[in-house]
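In what follows, chain A forms one complex with chain B and a second complex with chain C.
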Partner chain A sequence: MPHISIRGLQKRFGGVAVINDLDLEMADREFTVLVGPSGCGKSTTLRMIAGLEDTSGGEIWIGGREVSGLDPKDRDIAMVFQDYALYPHMNVARNMSFSLRLAGTPPREIEERVKRVADMLSIGHLLERKPAALSGGQRQRVAMGRALVRDASVFLFDEPLSNLDAKLRNQMRAELAVMRKRVEKNMIYVTHDQIEAMTLADRIVVMHQGRIQQQGSPEDLYKRPANKFVAGFIGSPPMNFLSGELNGSDDRLAIAGDGFHVPVPEAKRAAMENRTTRRIDMGIRPSALKPVGESQSDPAIGSITLTVLVSEYIGAQSVLVCECGGQRVTAEVASDTPFAASAPMRFAVDPAGVHLFDPETEAAL
Partner chain B sequence: MASTRQVLNRATPYVFLAPALLVMAVALLYPVAQSIWLSFHQWSIGAPLSSARFIGLENYRILLDDPNVWASIRVTLVFAFAVVVIEVALGVALALVLDRNIRGMSVFRTIFILPMMVAPIVVGLIWRYLYNEQFGPFTTALEALGLPVIPWLSSQGMALISVIIADVWQWTPFIFILSLAALQSLPASALEAARIDGATRWQTVLYIKLPLMMPVIVVAALLRLIDAFKVLEVIYILTEGGPGLATEILSLHIYKTAFSSQQLGRASALSNILLVIVMTITLALFLFNKLREESARRAAAAEGEG
Partner chain C sequence: MPAGSPHQRPASVGWYGLVFALALMALGPIIVMITTSLKTRNQIFGDTASFFFMPTLSNYAAVLEDPANVRFLSNSLTVALVSTVLTLTLGCMAAYAIVRFRFMGRDSASFGTLLMRMVPPAVLCVPVFTIWTYQYGLTNTLSGVILVYTAINLPFVIWILQSFIVQVPRPLEEAARIDGANPYQVFLFVVLPLIAPGLAAAAIFTFRIAWNEFILALVLTNRFTRTMPVKVSLFINEHNIEWGQIMAIGTLIAIPPLVFTFLASRQIITGLTAGAVKG
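Coming up: the complex of A and B.
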């Protein structure tokens, strides 16, 4: 059972560096999600692991074997493509069994394996159809099935859900989450959708501009983002960022700016005190803002005054899109919270939900 | 009740089609009709058309009794099928080999399609020079190597082969560019999927590329087949149909009947026979293809129910 290890991986297209010195370790049977904005090099990384793209430097080890010079067929991998990449001239059964037939698997066994996987994905009734006669969701399952019938040791997924409509995507995401518990293999999954990443991953690797920004469990990344990029990328609605100044000292140390005053949480005080600059970036999750009445005021709890622009109703919760000293701020509140448009509204800020970043390096403090 | 407007709406497409149909009728149907009319008459060039004498099916009777006509039909069929089979095999193989992004490949490809752009008369002249049995390059080369000289165009056995080689030289590029276009429009990710699924280069060609290229190859082959029945210039310049009747394909026979023997009625009858042969073969291939697809679909449907 393989353990995948990527060391100093690089990729240049022409003179343009797309992947810079990527190091990544994946334990056996781990579901790793590479997530990042479009164009950050996720697909390129995955394709290098698959052997569809040459590396420009570095090593790829799968199960104690350096594979970067090997053909895809010698790497023992299966892959699901973003556009499904089904063979248009073969029916579903033949699409799924292509690799087994090439490998000379006995027909009885092929039939049995195709049937088992097809039933698992509920496409058993489609086996004789050509891809052109399938819906998007069905094609997606066939692509998944083609990878699963193989007994490969590593499964690669390149945005397998991104071509589905929202409802089907949610449904398939849930099915994938169930399936990945059943199929105990090493899986690497690429997506630009942080919700997919959060729900599926054992470990998330956040990429940006060809570099790994941070890796860890979904909870790690959500609670302890390493920098402003990760903080803004993980979580929905995304984290608010406000620039402010440090003032006061000791237990009165706080971040203040136009319309807000938030005490620095005790754990972070030491780090603040020996900073040379007073400027600081503060990140607050929309869910860490609680509406409070004008009269209530507790100096231990921070407060921020926002002007509500619009309210986005999403059910039990509403997202209030507000403004604060020229900066956009969103707050996630219970839908029955009363509010008046374009009137100032006070929110309490839970200091535990506050993240601080260096305005120069954007690293978390 | 249909309003005037509806009627006008429905008539619009025909109104727009009318000029094209008119041109087609004049340019296409008129000659065919003329040729059919002429095939029932005896008429020679120079005499006024009004002097043409109606002789019923006499032209056809004479032609079908003529062993030379049958020999010519046989040569035509051998020539047409040989060139199409060889050109398709070579053209597709070349496309498969040259479908890669290596520097300079586009120059290479352009050179490959040059023969197709040369006028047939010139092709004939080039090959007549190449095949020349006194001083042609082939002969010189064979002599230099101490090998026996090949009677390219002067032997009964060799002439048809030589003519086929010239046609293959000119028209393989046609299959080549169409195949190359088909190859380059194949879904790239399906080919990558095949690599992941463990297909070797050769297996990818056999199981993915060729089946997906097939519709284009079939159409290209049909176009070549139809065209091969009509070649005239190259063979006329190379052999004039000889030696004997070894390379006298039907179009050449028609040409000679019309302009050497001056029997335009009979020539028209013969060209109608050629037309029927070409149409029969084309339709047969077309139907065969349709039936094959249909039976495949029916088999799939039957399995689906079972």
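Coming up: the complex of A and C.
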């Protein structure tokens, strides 16, 4: 039975619709990540689930109960805020136990639960400190501790790692992944960082302009993006898009454009046959581009000629920022690959990394 | 000129002279009040104004031995404390509502409170006296005075507290709501502790106005309910001016506001919200 169910959810601020008819089902003990660019409505959706924002329409069901009219305190949820929102006048122990004290839990049990969670997050030695005396990472842990002590049935995370520096963020991300295995609860996590989404989620929900673009496992979204937006959003470095035209027919069917000629992958050929227009958008993952010598030319494998503009050295890999007929293309290559700046360079295209989109609807073909 | 640079400051004789003159202007009346309160009648009216005299506590004794004065002192304390508590209680709730809730007329309510502050208390005398007397029978009672003081001080308190409440980060209140607090608990356990410095500042302000107010108290009280400032004025009558006792009472009634200010100002610690959100 799905634990959280959102049906026809709507939100308008003034006359502006931010969320349009959102439907979402989340199974019990599932880690769902809402991801999307700023202003896509993901935080608003989370805040409506939490009860911090009124809904303009639709229903929110948690565990078989319609909660959209209830106060946050009656929804059995815990939440971690982007800015931590620790009570500055209480020490760590009192911050964590605030909800339990409000609920009238016996002091002995409060102490036990706070201690257990504090040990799990290794903040046991900080219990007497005020938030002002904590580092960013420690505050983050306390904020999580405050949620975990609750033993609520749903945990909500609103971009909890976005205020940490890069190193700490990676570390906390890993800890979160470990923690979620121990705490088997329904978790909804909002982020704009697709790497967080990919690494943590059982299921990713990509949102854009108040609508769900696609939902599925991280692998699903990476391998079978439903449209151009999802394709461009998931994956790092982001997917390249090139406009081209279909030419040839049958097994010679290919997408051609300025400087490239890529045969249509076999699986997609049927869909191409009955298209009325020949214009098409092609997406290529940067990792699907393999540098090849000028002489190796096999018409069965697609090829593309790019002018390298600059190379971004990352370590084992380098990202080559190139140009192709006025369009930017990035290629992810081993960093020992020789290249010459401003010189044309040929790449073979791995058909598995090629995605085709309708230029009008932007839907995947 | 860079601020706080010691080299730029004119450390000349003239500078110290100016500082001394300013200090004398501020402290002079207080010094005169205290020394006069320690003098006998003859010393006060002696031909030579002297800094050297044998101090006496006879004025204080005379003032404190009069049971009426003790009663007026307790009237003053009651009026000042009760109206302070009342003003703060109402003020913090009103300020919270104006800052956090959306309702029609919110901005005009906010600005209107400040406008009310611009009415001088003397203007209120006649209407308040009439209404208190003929409609509510509140003249000559302490509650009547307390109500007026609360009404006078409320606008300013609301105004100060608004600026403190605005600074309480909203996510804190949201976190408390998620943690299971109802709106009153959010206000009591999260907002109030965080605006403690503002409450202290407002309390000092309110207490001192209520403690020192003269005109309304003169009009609204009788010989049982009058407050200290009114009592002091009564030492001046057609037969006599008791300067020694006036100054003794003046010294005595300067003490409670000092103590109150000292206690309350310990709450004024800035940066109390540090560490609440990121940073």
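List of remarks:
Definition applied: the second predicted complex is superposed on the first by the 363 of 365 C-alpha atoms of A that agree within 3 Å, B and C clash if a C-alpha of one lies under 4 Å from a C-alpha of the other, contacts with A are read in each partner's own complex, and residues count from 1 in each chain.
Heads up, the rule we're going with is that a residue touches a chain if its C-beta (ideal position, glycine included) is under 8 Å from a C-beta of that chain, and two chains touch if they have at least 3 such contacts.
Computed from a prediction, not measured in an experiment: that's the story for all the values here.
Superposition of the two structures on chain A leads chain B and chain C into a clash. Once the two complexes are laid over each other on the shared chain, residue contacts for A:K42 go to neither chain B nor chain C. Contact with neither chain B nor chain C is seen for A:K228 once the two complexes are overlaid on the shared chain.
Once the two complexes are laid over each other on the shared chain, residue contacts for A:K185 go to neither chain B nor chain C. Contacts of A:N91 after superposition on the shared chain: chain B is touched, whereas chain C is not.
When both complexes are overlaid on chain A, the residue A:N163 reaches chain C alone and has no touch with chain B. Shared-chain residue A:R139: touches chain C; no touch with chain B. With both structures placed on the common chain, the touch criterion links A:E128 to chain B but leaves chain C unconnected. 50-52, 71-73, 77-79, 81, 83-89, 98-99, 102-103, 130, 146, 150 are the residues of chain A that lie in the contact sets of both chain B and chain C, per the superposition on chain A. Contacts from chain B toward chain A in the complex involve residues 187, 189-190, 192-200, 203, 207-208, 211-212, 300-301, 303-304. For chain C in complex with chain A, the touching residues are 169, 171-172, 174-182, 185, 189-190, 193-194, 271-279. Note for the complex: chain A touches chain B at residues 50-52, 71-73, 77-79, 81, 83-89, 91, 98-99, 102-103, 127-130, 146, 150.
Across the complex, chain A meets chain C through its residues 50-52, 71-73, 77-79, 81-89, 98-99, 102-103, 130-134, 136, 139, 146, 150, 163.
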